[in-house]
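For reference, chains read A, B, C and D in written order, and residue numbers begin at 1 within each chain.
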Amino acid sequence: MDPVFLGQLLLNGIVIGLIYGLIATGLTLQFGILHIVNFAHGEVLMVAMYAMAALLPLFGGDFFVAFAVLVVLASAVSLLAARGLLAALATGGDGGGIFEKSLLLTLGVSIVLVNGVQQLFTSNPQMATTSFGYGAFALGEIRLTYAHALASVVAVVTFGALFWFLLRTNAGRALRAVAQNREAALMIGLDPTRVARRAVAVSLVLSAVAGAVLVPIIVFQPTVGQTLLLKAFAVVVIGGMGNIGGAVAVALGLGVLESLVGGFADIVWQNAVAFVAMIAVLAMRPQGLFAAAIRKG
Amino acid sequence: MDSEAVIETAGLVVGYGGPPIVRGAAVTVRRGTMVTFVGPNGAGKSTLLRGLAGLSAAYAGSILYNGTQIAATSALERHAMGIVFVPQGRCNFGRMSVEENLEIAAHGIARAERRAARAYVFGLFPVLEERLQTMAGNLSGGEQQLLEMAMVLQTRPQCLLVDEPSLGLSPKMQADIFGKLGGLRDAGMTIIVVEQNVRAALAVSDDAAVLVNGEIVMQGPAPEVAGDPGIRRAYLGH
Amino acid sequence: MPPAMRSPKGLLLLLLAVLALAYPFASSSGYHLNVLTNALFFTVLAMSLNVIYGYAGLLSFAQVGFWGVGGYVGALTVTRLGGSVWDGMLAAGAVALLLAIAISAVSLRLSNHAFVIVSIAFTLLLQLLAQEWIDVTNGPMGIPGLPAPEIVLGPLYFAFDDRTSQYFLALAFAAATLAAIGLVLSSRVGRTLRMLKHDETLARSLGVRTTRWKVFAAGFAAVVAAMAGALYVFYLSIVDPTIFDVYYTQLMLVIVIVGGLGSFWPMIAAGFVLVVLPEVLRTSDEVRMIYYGVVLIAGVLFFPRGFAGLLAARRRRHSSGGRLGQPGSI
Amino acid sequence: MMKKTFGASFLAVVLAAGPAMAQEAVQIGVSAPLTGPVAHGGEHEMRGIRLAVEEINAKGGVLGKPIALTVEDNQCNPSVSVTVANKLIEDGVVAIIGAQCSSAVLAAMPVVQKAGVPLVSGIATSPSITEKAGIGGNPWVFRLNPSDRELAVADVNYLASLGSVKRVAIVAESTDYGRGGAEAFAKAAEAKGIEVVSTDFHPLGAADFTTILTRLGRSGAQAIALYQAPADRANFVRQKEALGVKAALTGKLNFAGEAHEKLLADGAFDQAVTAFPYAPEVDTPANKAFVAKLVAKYGETSQYESFAGYEEVYVLAAAIERAGTPDRAAVRAALTKTSYASMLGGTITFDDHDQAHNKAVISRVDGSKVTVVDVFSTN
């Protein structure tokens, strides 16, 4: 086997896996803490991409400045959105609980966002140029574009910050606490709504960060979020609904596996990898997967 | 003994959104005493306890806490007032260490006072200090019960509500738990317990209330309740 | 539900039936017939979702999957196996039934949430299969040129190959299917399913084998959706992977929410209004989709019991002078 | 009681939606994907269509009446396409133009045949449209554009004439368009002795091509033939450039649209060769004028879809004028005798299968500069 080819495939897979991971950890947080599935999670990423594309020219194509501004904006908007979502989920209804309600509401939000953005910006493919253009590192014969490298660094730093937050801060511990045992959280006087709001806001920012780092890599349309969301959804299911570390590991594994499948077999099977794995896991280890869902439902 | 009522309910109707489960409960709990709710399965003991904690809904009636009406307050507000509820079963963060569990439970305590709070619960339950780095989920059932009590006791609650503390524990462990609860009561804490092991609970309780079918059918000093022939037949095995 | 055939309602029903039957003779508009035919199909499809979601309380994203499976099985039965359209519909129902039992039996053992997740994964996988299993499905190109349904009875021959006859065929199919659903749901079965949804613990304590009933609801809903899908592709004359489009899921959900979960007549009304209204308003499609999205959100938030809930509230006000607490008829 | 009012209002609503036939205008229907994954194509087609209609109406319309457009979105979805076709027919349109996606055209074909309404398509490329249309089939469907088979032959012939390309890889989207194009290219390449080293189909809307590119970079392919939707193609080309894969691009390319213009300016299309039904660079006075008008109106240069929309309207309008009546059958008959001077040069006429075999434009790129090498007829 050709080590350069293999190395390049592995590297590509890791980068893609890291980006899947950014989206999937957000979904996982929402499921783990609130037991909801957010169909509009991909649209958060999509809106962030459009925002990033609008911001870049304002700062002369300087990715870092635009990125910083985007993260600040996204945090503010996410807090508001999280508050709105939780308030909406808390309204009385007959639809069979918060889980079903979240699916229906976020599906509605997703439809409105995709079509609204299309109405505003048309569905023309958007391409944003950044200061680092098409440049790439050469590691021997293996190439890593600046854009991919940057996405990887941002993802790794984000994961680091996320884990630090979850493991070392009181707010992060509270998040894990509510995810692990809502009743115990109440027992010690943690406010689950406040914690949930924080979790949703963090997860939306994660998705926005994923969108921002994708801008220099891919050309996008209003539907860009939907394809990526399906992958992230598979990652969350395989990774054990609500397990952040699991989601990151599975995302990386999926990225690498897809890359290898694309490199050595037919490219159409790349998409099948996620779904076949999901079905296999559902068939073989569903109880492990749904541990969190069972507790609630 | 101070006979001032810490909790006093009147005409309390409690349920979980559906039909009422506890109807017209009038309970008085005096400061620094331990009260046990006894009754058959499904009588509404836990529901009443959760009603006091704010975890099930009060449809009607009043709950006075130190003379203040709290029937409309949330569980979190009651927690802040010092009414703390320990649910039955394993109610800790199983995938975190004992230390993390204690740390997170101390979230409401000022940083400067945390060390003292920690020392206080280690004094009560020395075994936890030895198990500080163990995952909570890997502790024995009894140790987990101790951990949960330690978690909530850090904040020195005024009123401790415990649902089935002896569930699934060895007799030795049960005795140990009731001993600790008795000690806390002796130190001035007001405690309400729902307990299947009626004999052990009544042995350390000051008062008891008997629920049947959502209504309180008997209430009084624990020895009196324990001495009632009907109760003896139904719960004490002779 | 059928609020019994008390005479005014029976009369109304008769009037509606006459209207439906006479419409093609009164209007020469094939376009209107097409819209009405679509409304018939989508109302049946939405009603199938209502069976599983509105009655049994299981939110399913698999209905569009069964609808698509029905389309493909129907088309393949005719093009590959030389069967008739009717054979195709039967095969579609049979395959959907087996699939529904398989996925619901596995997932419902775990939880209702697991069922929802599995239903999403199921539909995604089917769409992937339709797109990539080219040897069988002809991939994204689809299977065009499907024949019109026909009846051959000895020397008698009739083909449903124009819009009027196709409208009548769809009308017959919808009437039969909706009547069957209505009968099943107004029987003990419907009551059992509703009890399951409202209080599963109670149902179990009364000796109801809850999982078995949920699997039954899933199977029933799947068969209805698949047979509708099979007939629909012959009406279109083509099946391709877009039959799994999320658009159908959105439409179904909007109809079910607007009609009112677990309602019957209000849902049929919602099906017609929601299919016909956008055509009448002639809005741009982005705007129409936004409108569906907003209706979905508003429905979930503010009218969780849909038309049916509003009707019930109105009846209560009118009939009992503000007496509350009377259980609604939904 | 509620049901009665509902029934009555429903009926009223349906009746009110009756054909809004304006007696004073010639109604032409447009079926185009205005939402969904290829909506940008629909938008560009509409630009050409609207421009042509404005021009014709400014000169007095057809048959002395203005043309009125009824535009419906088919979402590139066959079932919606059927609904749209029925709707347009009931609106009383003389003919329908567009549909754009092959599967949308194929689904609409039986509908227009049954109703007897001409359908003029300028973009859909599936060869089965040729098989089904015209002699022995559906005489109501007319296609202006060359099929991918014809374009692929032209492209390969030119590649072969360069002599430098012996090994080619194909990358195509997994749709009727992509698969049809890939198959046609492979066949044409085989005939010219060019080796196809690999064929990759990817799902429409794929975001990441690094894996394919990594493999292609090591496959020894000297050129990569692309049959992809514009967004996917832009993604592919951008990532190819960033990964430094050295192979010329070919297949069905164009350089219109913001993303592609940026890529072209950045040199990402250097050495590309393509046969396409249209290029804004084609140096005929008619095309230059057309491009100028579009740029003036929309601030963007012409895309293939705009060109196709424009010529669809003109071909149809000429046929209506020749028929002397807005009668559908008469217009169909007039369409078969079409002889329209395309803005690319040459004359559009329909063959037995109602295919026009319009011109193919062969372009090559040097650095950032697109040169039209040849414009020739594909029949």
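Assume contacts are C-beta pairs under 8 Å (C-beta built on N, C-alpha and C of every residue); 3 or more make two chains touch, one makes a residue touch a chain.
Here the structure is a predicted model, which means the values were calculated and not measured.
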item	value
Farthest chain (mean CA position) relative to subunit D	B
Core chain by centroid distance, with centroids computed from Cα atoms only	A
Geometric centre distance via CA averages, subunit D-subunit B, whole Å	75
Approximate Å spacing (C-alpha centroids) for the pair subunit B, subunit C	51
Between subunit C and subunit A, distance of the C-alpha-averaged centres to the nearest whole Å	33
Length of the line joining the C-alpha centres of subunit C and subunit D, rounded to whole Å	36
Subunit A residues counted as touching two or more neighbouring chains	115, 118, 268, 271
Residues of subunit C touching at least two other chains	132, 284, 286, 289
Chain-level touch network, classified as line, ring, star, complete or other	other
Listing of all chain pairs that touch each other, if any do	A-B, A-C, A-D, C-D
Residue ranges of subunit D touching subunit A (in the complex, touch as defined)	35-37, 39-40, 43, 174, 200-203, 205-208, 210-212, 214-215, 218, 230-231, 234-235, 238-239, 241-244, 257-259, 262-263, 266, 268
Contact set on subunit C toward subunit D in their complex	9, 12, 15-16, 19, 27, 29-32, 34-36, 38, 131-132, 139-142, 144-145, 161-163, 232, 236-238, 240, 242-243, 245, 247, 265, 269, 272-273, 276-277, 279-280, 284-286, 289, 311
In the complex, subunit C residues that touch subunit A	53, 57, 59, 106-107, 110-114, 116-118, 120-121, 124-125, 128, 132, 197, 249-250, 253, 257, 261, 284, 286-287, 289-290, 292-297, 300-302, 304-305, 309
Partner subunit C, residues of subunit D touching it in the complex	2-4, 6-7, 10-11, 13-19, 34-35, 73, 75-79, 82-83, 86-87, 89-91, 102-103, 106-107, 110, 114-115, 126, 128, 132, 174-176, 179, 203-204
Complex interface listing, subunit A residues touching subunit C	35, 37, 88, 91-96, 99-101, 103-105, 107-112, 114-116, 118-119, 230, 233-234, 237, 241, 268, 271-272, 275, 278-279, 282-283, 286-287, 290, 293-294, 296-297
